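Data first, discussion second: the structure below is written as structure tokens.
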Amino acid sequence: MGELIAEVLRWFADGTRWSGPEGVVQRLFEHLQYSLLSTVVAVLIALPIGLLIGHTGKGAFFAINLASFGRALPTVGVVILVFLVSGLNLWPVYVALVVLAIPVIVTNTYAGMAAVDHDVRDAARGTGLNGWQVLFQIELPLAVPLIMNGVRLAVVQVVATATIAAYISFGGFGRYVFDGFAQNDLAQVFGGAVLIAVLAIALDLALSGLQRALTPRGLALQRRRSNR
Amino acid sequence: MISFEAVNKKFADGTTAVRELDMEIPEGQLTVLVGSSGCGKTTTLRMINRMIDATSGKVRVDGRDVRDVNASTLRRNIGYVIQQSGLFPHRTIGDNIATVPRLLGWDRKRVRDRVVELLDTVGLARDLAGKYPHQLSGGQQQRVGVARALAADPPILLMDEPFGAVDPVVRTLLQDELLRLQDELHKTIVFVTHDIDEAVKLGDRIAIFKTGGHLVQFSTPAELLTHPADDFVADFLGAERGLKLLSLTSLADVPIEPVTTVTESTSVAEARRAGDGWILAVTDNGRPRGWVHVDHLPADGVLADAEPIVAAGLTANASLLAALDATVSSPVGLAVRVDEDGCVAGVSSPQQINERAARFRAEVLVP
Amino acid sequence: MKPRLVTAGILTSVALVMTACSGGVTSLDPQSSQSGTASEGALTVGTANFSENVILGHLYAGVLKAKGVDASVKANLGSREIIVPALQQGDIDVLPEYQGSLLQFLDKNAKQSAAEEVQQALGPVLPKGLKVLPYAPAENKDVYVVTKETADKYGLKTLDDLKAHGAELVFGGPAEDKTRFVGLVGLKEVYGVEFKEFKALDAGGPLTRGALEGGDIQVANLFSTDVNIGNNGWVVLEDPKKLVPAQHVVPLINESKASPTVIAALAALNDKLTTEELTKLDSRVDNDKEDPDSVAEAWLKEQGLTS
Amino acid sequence: MRWSWISDHAGELAMTTLEHSAIAAVAVLCGLVLALPLGVLAVRFPLLKGAVLGISGVLFTIPSLALFILLLPFTGLSYETAVLGLTVYTLVVLVRNTVEGLASVPPNVREAARAMGYGGTRTLLTVELPLALPVIMAGVRVATVMTISLVSVAGFIGHGALGQLFIDGFQRDFAVPVIAGVVITLMLALVADLLLVVTQHALTPWTRRGR
């Protein structure tokens, strides 16, 4: 074990590891590209669905089961299936990652909407806000913390799963995992896993900053108080 | 004026919340809908601003069927206050109050001025405008709820158990405030509660609902207390119907007897000379302080040292019930009367109060 | 119970469960419980992650079953780099191998090229406990393939010709090519070829073929038995300096499992296993989408190896 | 598309499905048996709580394939590697839910138990754990469905059960086994989830709506 760690450290210490077309920096950009693009697309699809379900209260059953369904969908199978249809391009990766992220975001958005105080929603309607105004002025701001929890969870999963891009010859940190596996070079696998974990944690931290920034001040104060 | 014509409301799960309701809610008055839970009172209220649409029948506001008006437009012209205030937690107090004016497209300055005006109206400090709802007490939040409902000066105010979640002391305070506001504003207020005492205290008219959505009686509080329509209403009003009746009339017509008062800074020796038995101690500016027995005075010092038995002063607006209560808790069996400034004007005896009660009973019973 | 006792109890149970989860569970797996002992018990044939190797695995298992050996197949385990250690550990017992690649895997400096030499050289370098059985006539070499257009454009015939144009070409093959002698290392050392880029794909599978077809790569590491090469009119670059050694199919086996029955069964298979036959088998799986197991089963019957 | 492949391999598919279920079930059970005590300890010792939850959070960011590969030097290309790797992932969910479940027990219930003379262990076993059960079971459901899906990743180390179908289909450019694998995995997850819902319903009679 100690030997492996020493090897991993040597792997990281290798100066040529970091630059060039196969360097860590290039792989980082690739990994970010797969992960972020997928997450953004997933948000664009999932957020409206979650908001709609939460706002109308219809399809909650669908939302809850979608989560189960999404978790059960084997990513490797999806990648391969799309690959067999689309051929050698990035579609398999994006489809699999988007499909992975959507359920998490939908259910968390729905949960966020469902958690909006019934009285507040009632008062908003009773005060004369129309459906869209209730959604965008009241429900959405109040659901932001939970929606962002969903996005964070999705990003962590997507970053870890973007490893699969390397299986069908593309880049990202997954390259180190698959190459290391094929070459029986565990230090490389370990290095790749560490890079992926660090990236996931870093993105999660960045998003928690965004979450704080997006959370309305009144709500943040309230939460801080009720946590005390 | 709000009217219900043969209104029924059946929910999807099969329960009937309101059955064949015919009711006319008079303009400029405070009408209370009261009943136990599940009697349809809240449903009735929510049909007025179309939070719920009736299954059949017509709900009219100023003669117009509410179904003919866009729901949001309708609601912007009807103030709405609910339990727990329903304030938007992510918006400041000022923004909360400004909700409807902004929806109506008022300019910025007008909105700002209105917010300040309303904070004054409901008795809140102006600097609360920048705070968030959770930074306020329950009572304050409820006042903000009222201010928000009043923001665009709607002729109608719907209040759904607005004081249900605050403690009794604050509730009494808020009820008094509401009565004071109504004295000034003369809105058409529809107020839902399950508390019959609150209904009697606030309502110009009271509608009693029975489980299953029946309106059982719709009349003035006095008529309700003296002529309950049936056993259900009588039961609902409770055992102390007579006493509740006393809360409906004031001390105004009860004569005031003079009383000897001694200021609390008077020395004990001097106070002894003022009389024997119980004497009424007052503050230096004439407000009632309490009853003191000369035998219980300390050896020396001033009257205040004797720790008087507190006696609250009653204005002419105070109810006979409150006066009777004061006589019972007073060591001398007298209610202390004060003028508008709160200065002691004299006392009234239980006999005098009872005489007035008897006359009142006769007045309301006769028709 | 005192809190401390509870804690101790919990820790003990955690420890017990951990042991149970890692050890006790083994018994649920029919294959892994008898590794390392006896000879004629159950036997697991492992295979690498490409079709031909999977077919070979099923052929091995088929002839062994016919001789009463309780054989099963664990297919698609990965690259040699992963499977050979698994063989040593007893996770699998037999592996269809290819002479030259195996030799260079075990001895990076091995330069033997002819079949018999390679077979001889394997003996001493094999890890303890493993041995190779006699090899089959069938051979499947790593080949470096370009499309007709590429060959014409750059005038490519042999690997030597690549040297001048390597900087313009992308090379694709399995990820292990990057570090193997029969791969980037040997191409550079023997032919002085350096490519513009290396793309890690798969072992002569759909990725590599697809990438060559689609122009993502210009030079592909495929296998000589791949019928797609001929079907697509692709050009196999000649190997005048014998970078790729003889690659006859050879069973690599755990010594403890190499009973006379097993040896005899696999030898009988060898007699029928020619390059031509192997190519046909590959084609049925890769092109006709038949299943490796059923293709193997039918062929064994046809050849009279099973009844 | 040769759909007959499915009927030709019905028996094999059934066996593979069973194998898949077994791997997932063993992983979740091992995870549960480890997570319950870990969760209890984490709730008892706040210092441990941060560490346990932190570690499980980090584990979640490691790609499952990398974890399987990194276990190879210890357990080889074996069934244990698959189960061990999957168990680690179930812990992420199960420990968290055990902690949350125990934390969700109303303090007054705990107080009441103590007031009636229950000791710590008795309170834990007869009051806290049963009341935490709905949250724990929710975790078991998530972990089970997730594990059923993750088993296929173990296909890269030869123990993917239904996941082997994906790799097989990939090698041969043949979609039918892949589709079969995906569909069966989903159905398996659905059935497992349903079974767990029924189990939870039976285990927690007090959570049912009285009517």
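Just so it is clear, A, B, C and D label the chains in written order, and each chain counts residues from 1 on its own.
Going forward, a residue touches a chain if its C-beta (ideal position, glycine included) is under 8 Å from a C-beta of that chain, and two chains touch if they have at least 3 such contacts.
What you see is a predicted model, and the numbers here were worked out from it, not measured in a lab.
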item: Number of hops, chain B to chain C, where each hop joins two touching chains; value: 2
item: Relative to chain A, chain with the most remote C-alpha centre; value: B
item: Distance between the centres, which are taken as Cα means, of chain D and chain B, whole angstrom; value: 58
item: Length of the line joining the C-alpha centres of chain C and chain D, rounded to whole Å; value: 34
item: Where chain A and chain D are represented by their mean Cα positions, the distance between them in whole Å; value: 21
item: Distance between chain centroids, defined by C-alpha means - chain A, chain C (Å); value: 37
item: Multi-partner residues of chain A (each touching 2 or more other chains); value: 83-84, 178, 181
item: Multi-chain contact sites of chain D, meaning residues that touch two or more partners; value: 72, 155-156, 167, 170, 173-174
item: In chain B, residues with contacts to at least two other chains; value: none
item: Overall pattern in which the protein chains touch one another (line/ring/star/complete/other); value: other
item: Pairwise chain contacts, counting only pairs that touch as defined; value: A-B, A-C, A-D, C-D
item: Complex contacts: residues of chain D adjacent to chain A; value: 58, 60-67, 69-70, 72-73, 141-142, 145-146, 148-150, 152-153, 155-156, 160, 162-163, 165-167, 169-170, 173-175, 178-179, 181-182, 185-186, 188-190, 193
item: Chain A-facing residues of chain C, complex; value: 78-79, 81-82, 85, 172, 174-176, 178-179, 197, 199-202, 206-207, 210-211, 214, 216
item: In the complex, chain D residues that touch chain C; value: 2, 5, 8-9, 22, 26, 30, 33-34, 37-38, 40-41, 44, 72, 75-80, 83-84, 87, 119-121, 124, 155-158, 164, 167-168, 170-174
item: In the complex, chain B residues that touch chain A; value: 49, 51, 71-77, 80, 82-92, 99-100, 103, 132-135, 145, 148-149, 158
item: Chain D partner contacts - residues on chain C that touch it in the complex; value: 1, 3, 6-7, 10-11, 13-14, 17-18, 20-22, 25-26, 28-29, 31-32, 46, 49-51, 54, 74-78, 82-83, 85-86, 89, 91-92, 202, 205-206, 285-286, 289, 291, 294
